[in-house]
Amino acid sequence: MINVGVIGSTGYAGQQLVWYLHRHPHVKIRFLSSHNHTGLSFSATYPNYRNFMQDICIDIQEAEQQLSKIDVLFIALPHGKSFDLAQKALTQGVKVIDLGADFRLTDANLYKDWYDLDHGCPQLLSQAVYGLPELHRDKIKNASLIANPGCYPTASILALAPLLKEQLIVKESIVIDAKSGVSGAGRTANIATLYTECSESIKAYGVASHRHTPEIEQELGLLNGSPLFISFTPHLVPMNRGILATCYGSLRTQISKEALYDCYQSFYQNEYFVRVLDTIPETRNVKGSNLCDIGLRIDERTGRVIVISAIDNLIKGAAGQAVQNMNIMFGLVEMIGLDILPMVP
Amino acid sequence: MINVGVIGSTGYAGQQLVWYLHRHPHVKIRFLSSHNHTGLSFSATYPNYRNFMQDICIDIQEAEQQLSKIDVLFIALPHGKSFDLAQKALTQGVKVIDLGADFRLTDANLYKDWYDLDHGCPQLLSQAVYGLPELHRDKIKNASLIANPGCYPTASILALAPLLKEQLIVKESIVIDAKSGVSGAGRTANIATLYTECSESIKAYGVASHRHTPEIEQELGLLNGSPLFISFTPHLVPMNRGILATCYGSLRTQISKEALYDCYQSFYQNEYFVRVLDTIPETRNVKGSNLCDIGLRIDERTGRVIVISAIDNLIKGAAGQAVQNMNIMFGLVEMIGLDILPMVP
Amino acid sequence: MINVGVIGSTGYAGQQLVWYLHRHPHVKIRFLSSHNHTGLSFSATYPNYRNFMQDICIDIQEAEQQLSKIDVLFIALPHGKSFDLAQKALTQGVKVIDLGADFRLTDANLYKDWYDLDHGCPQLLSQAVYGLPELHRDKIKNASLIANPGCYPTASILALAPLLKEQLIVKESIVIDAKSGVSGAGRTANIATLYTECSESIKAYGVASHRHTPEIEQELGLLNGSPLFISFTPHLVPMNRGILATCYGSLRTQISKEALYDCYQSFYQNEYFVRVLDTIPETRNVKGSNLCDIGLRIDERTGRVIVISAIDNLIKGAAGQAVQNMNIMFGLVEMIGLDILPMVP
Amino acid sequence: MINVGVIGSTGYAGQQLVWYLHRHPHVKIRFLSSHNHTGLSFSATYPNYRNFMQDICIDIQEAEQQLSKIDVLFIALPHGKSFDLAQKALTQGVKVIDLGADFRLTDANLYKDWYDLDHGCPQLLSQAVYGLPELHRDKIKNASLIANPGCYPTASILALAPLLKEQLIVKESIVIDAKSGVSGAGRTANIATLYTECSESIKAYGVASHRHTPEIEQELGLLNGSPLFISFTPHLVPMNRGILATCYGSLRTQISKEALYDCYQSFYQNEYFVRVLDTIPETRNVKGSNLCDIGLRIDERTGRVIVISAIDNLIKGAAGQAVQNMNIMFGLVEMIGLDILPMVP
């Protein structure tokens, strides 16, 4: 059994993680911590677990004292909060999977530019692995510190990776127009995410300034072999879950739709969680699963390729991917505990 | 392995059934039939199954020819469509679990009154068992023909059963005000269930005339030991899934809230899928699961008890309960294949 | 022109009131106050007004100093906050329309029982008029202090008034099962009303304890000629606006559906804002209007009558009714400024 | 008074048109036609109008015989259905405002390419005016035949017009990623637009092939002074109303955000219905109105400008704009009958 602890277990990503860990056949949850719900049972905050989970949430201090009991620590905190905790865990030989943003950017200066905060332990960055298994599986296997990707980056990078790997598009031409359900904004009392403020409306936000941008650029640049900049626009959609990323790029040379499709099929042929479709994805078809659906179209009139990907932001975009990373790190079958199909409607 | 066939697999209840059967460790799906999607792959209609299910939907005629391959036939058709099929299956020694209404009422005349249709095989009614395991588990064990309860009746009967069993309320006083998500209306092209007609609105329908009424009365009457009539009002709520039943009854004698709670706890103490809460249920906390949550309040000013139950209409109200019945019929552990917790948000 | 001021203008009811006052041909808004948005333009909080409303929100102290400029003060504050303000305004000869709960109950002790608060100015209660024009139009004409009814009470009382006036039902038999959109919970940062907590779910709340109960009982008792108690259960529905009240009562003697319908038609024959339907109401058909739709059914099997009413909780349940009251108080045509039809979808 | 007739009055755009015409102080509705609801009262299909509109829907043949009674005919039919009717009306001296697609493209060959249909009266195209008042007000004044713009084109063209007029962006660089509420799909029984198929999901559709594309290109090309192609991707969002168009273009030369904002302010300075914001638009802030909100951002890292526009698809994207055109054609104040502010929440 893998002994695990979860920091930030009562946020939406945290509880989704608990959901998967609880049913994972090789995992034993040793503690759950929660800043806002310390001392309360986890199922008081999330009554869906009632009768099935008896854990009482502890605070971070207590969690730190229990690091010796666990093999891996999941951290689901806002950016800037993982530095100390990650260091302490690693020092004690505990692996760390951080669902936050603190170890995703390999360049501490870039972190400071985008997060307006000095990086708290830049010396760890060289050992942190960006936990997108479809790109970095081999490194993940031996990693002690995983930077679990952001939700938008997961959808965006998976959508564009084959194009950049094969250098099929003009790297300056990339536009990513992404749409997310409201759970991406977290479980925080906030007027802007009230039902009455989100329902029956759509808006863009963080235009040309969203913090997931450099993370996408880093990974796409690596694939392409040279740095690049993208335009990334997130939107808030009246639904609980799901991200749809509509990605545009100008083709460097003509390519048939069949060849394009083959390129994607080939790139993802061994990937259990990525489905390359001949149709256009809808987020409902991946909701409640760790899957990523990808659809492709060539716009011959403009010479652009349009790639659309769909994930469940809380699963492939957070908790499911974290479990996938854990499975890889601990030598388990990658889809174990994650083999639940999307449920519709 | 239990070999199963599903008739009506592409309706919402049918596909939810396929979802559970597909992941059930002791089940092998031998065929799926669909009137509207014959000859098409199941995953073309429900792309969430893509890559994970290769079945092609057959028609009923072909299904009938494959009855010899299966141990149990699930039928998820509109009322009036199960008569022939059930008979043929039973004749061949195939057990039948009918998710429709054709075998729920033990009285063929009552069926005719409410469904405006002569019952097609009244001789089978005496052997049909009303498949609510919490009430009829012993009979289900040995049954060949299960009438899987309706969604509203499941929520309503489970909410009121302890009160009637203990004769705590005046039997003439029962009012059930129930609210359902739109999936209860099925996957049929229909203006009334368009997004634009349901979103941002609530309405009652079938007031004093809904066909689930006699089914509730039959079961509550059995519990109470004498026939009774109820007022039942269903409502359509802008959500995909879920039923909330708010049930009112006048107490025959005063009872403390503790005694009432104990009565419910005692009645449901061995039931894995029923949770008696000290809080008020929300449908979200059972969504995606076979659970039924029940909450209780006494209104001392009026002498009424108010019992509120919540289920997922497609699961405990249809497909999950059908699998629960199958498990019981085939001597399996009752919750096998059904042990998935509700997922929020 | 009627000069008006609005206290609490940036809550949902307050801003809906501003919406109607702004377009009212005989009204001039002299000030808007807001506790949370003092010093900011109203359109910064509600950008839908941008370009069309330049008002800056003031605080209550400043508002009090401007009482001399106005003819009527609208107060849209939580209960317990209107006492001082109403007194000051009335002393200066300013009429008051209070959208809150402080003057709705004529019995100060009852107020204390339900609101757990001593009434701040019980001496005003005798002059306060319960502002439901369909019942109290004559008193409203000459009133200086209007207690604008709650949203649930408006829907519930209008649904049941004819039955009680004509003493058609057993007064102990009344059950009101009401459903509201989320705007009823106000524009306050609160986890329970986040999009992600309300969407795709329905729940009951305040079971047997909601503060709108005594207000309904007061008015129904007056109509019936003797005090009565009801069972009232509110529910939260995933939609922005709308209340549906499903009301049950046991008929004292048999009555035909035609006679029942005539009773309602007759009771409401001169009411512009009440529509007695031969169909069952949906909240969408009154959304964005000051209308109340009422539908009726007799359940002959149980001897109950079921009356269902639908309103827009922010309009007929709050702001629209307040304007209707103002129109009556100032001798205007009652529907002036309120003649906007519901907009669907 | 302007005497009007409406063809296709029971579709969503048609009924929204009726809503505005009904309250327009200078309009008298002489007939409403409906293919699916002939012989029924309009308020039977749309009960929100109950008590306030007595019209019975007639069929097209009867409508044709009543052309002599009207001054202007509104046609809200699917493409390909307006040819005959428009000709007949024009021949009789009746002005025509076509909300459909048949007269929007000035090139009959382009019409055939995109709609896969021969144009039925190409000789009328030269006199048809593209009814976007902010661009073509002078021509509209004297037009007899107005091609009311599509919903996506209205949002897209208004967003980009100043950029193209001033030739600020590279014309090959335009990407328009647009999102629409479900009412855009019309009031037709269709599985794809059921509540249960749209709720809790987002998808793209018509990628690189949507029929609104050439209409946008035609108008942007005119503004720019030379033909151009765009990439246009529509999406379906779980909300009733609203379009958000997120538009991307590469700046030809650097421009400050202030200069960009001034360019837009200047372009739209006299436009009542266009609001240039310093914030980012949300569709809720224009819902229920004829307004178009526009927000602007420069992405300095990529040299792109991102312009986001929001409209109510049924109003500024259809019915409201049609009334605006009528007002202009008949010499009325342009905003008369359209001066209703957006209503939130």
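Labels for the chains are A, B, C and D, by order of writing; each one numbers its residues from 1.
By definition in this document, contacts are C-beta pairs under 8 Å (C-beta built on N, C-alpha and C of every residue); 3 or more make two chains touch, one makes a residue touch a chain.
Just so we're on the same page, UniProt names per chain: A, B, C, D = N-acetyl-gamma-glutamyl-phosphate reductase.
Everything quoted here is computed from the prediction, not taken from an experiment.
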Report task. Could you name all chains that are in contact with chain C and with chain D at the same time? Result -> A, B
Query raised in the report: Once chain A is fitted to chain D on CA atoms, what angle does the rotation have, in steps of 5 degrees?
Result: 180
Requested in this report: Please work out which of B-C and A-B is bridged by more C-beta pairs in contact, and write that pair.
Outcome: B-C
Report task. Select the chain at the greatest separation from chain D, using centres from the mean of Cα atoms. Result -> B
Query raised in the report: Centre to centre, by mean C-alpha position, how many angstrom separate chain B and chain C?
Result: 39
Report summary line: Expressed in whole Å, how far the mean CA point of chain B lies from that of chain D is 46
Report task. Quick one: report the Å distance separating chain A from chain B, using the average Cα coordinate of each chain. Result -> 37
**Report entry** Set of chain D residues in contact with two or more other chains
**Finding:** 12, 183, 196-197, 199-200, 238-241, 282, 284, 287, 345
**Report entry** chain C residues within the chain A interface of the complex
**Finding:** 12, 182-183, 185, 187-191, 193-200, 238-240
Query raised in the report: Which of the residues in chain D come into contact with chain C in the complex?
Result: 12, 15-16, 19, 22-23, 46-52, 183, 199-200, 240-241, 275, 277, 279, 282, 284-289, 293, 339-345
**Report entry** Partner chain A, residues of chain D touching it in the complex
**Finding:** 172, 175, 177, 179, 181, 196-197, 199-205, 207-208, 229-231, 233, 235, 237-242, 244, 246, 248, 280-284, 287, 295, 297-302, 304, 306, 308, 310, 345
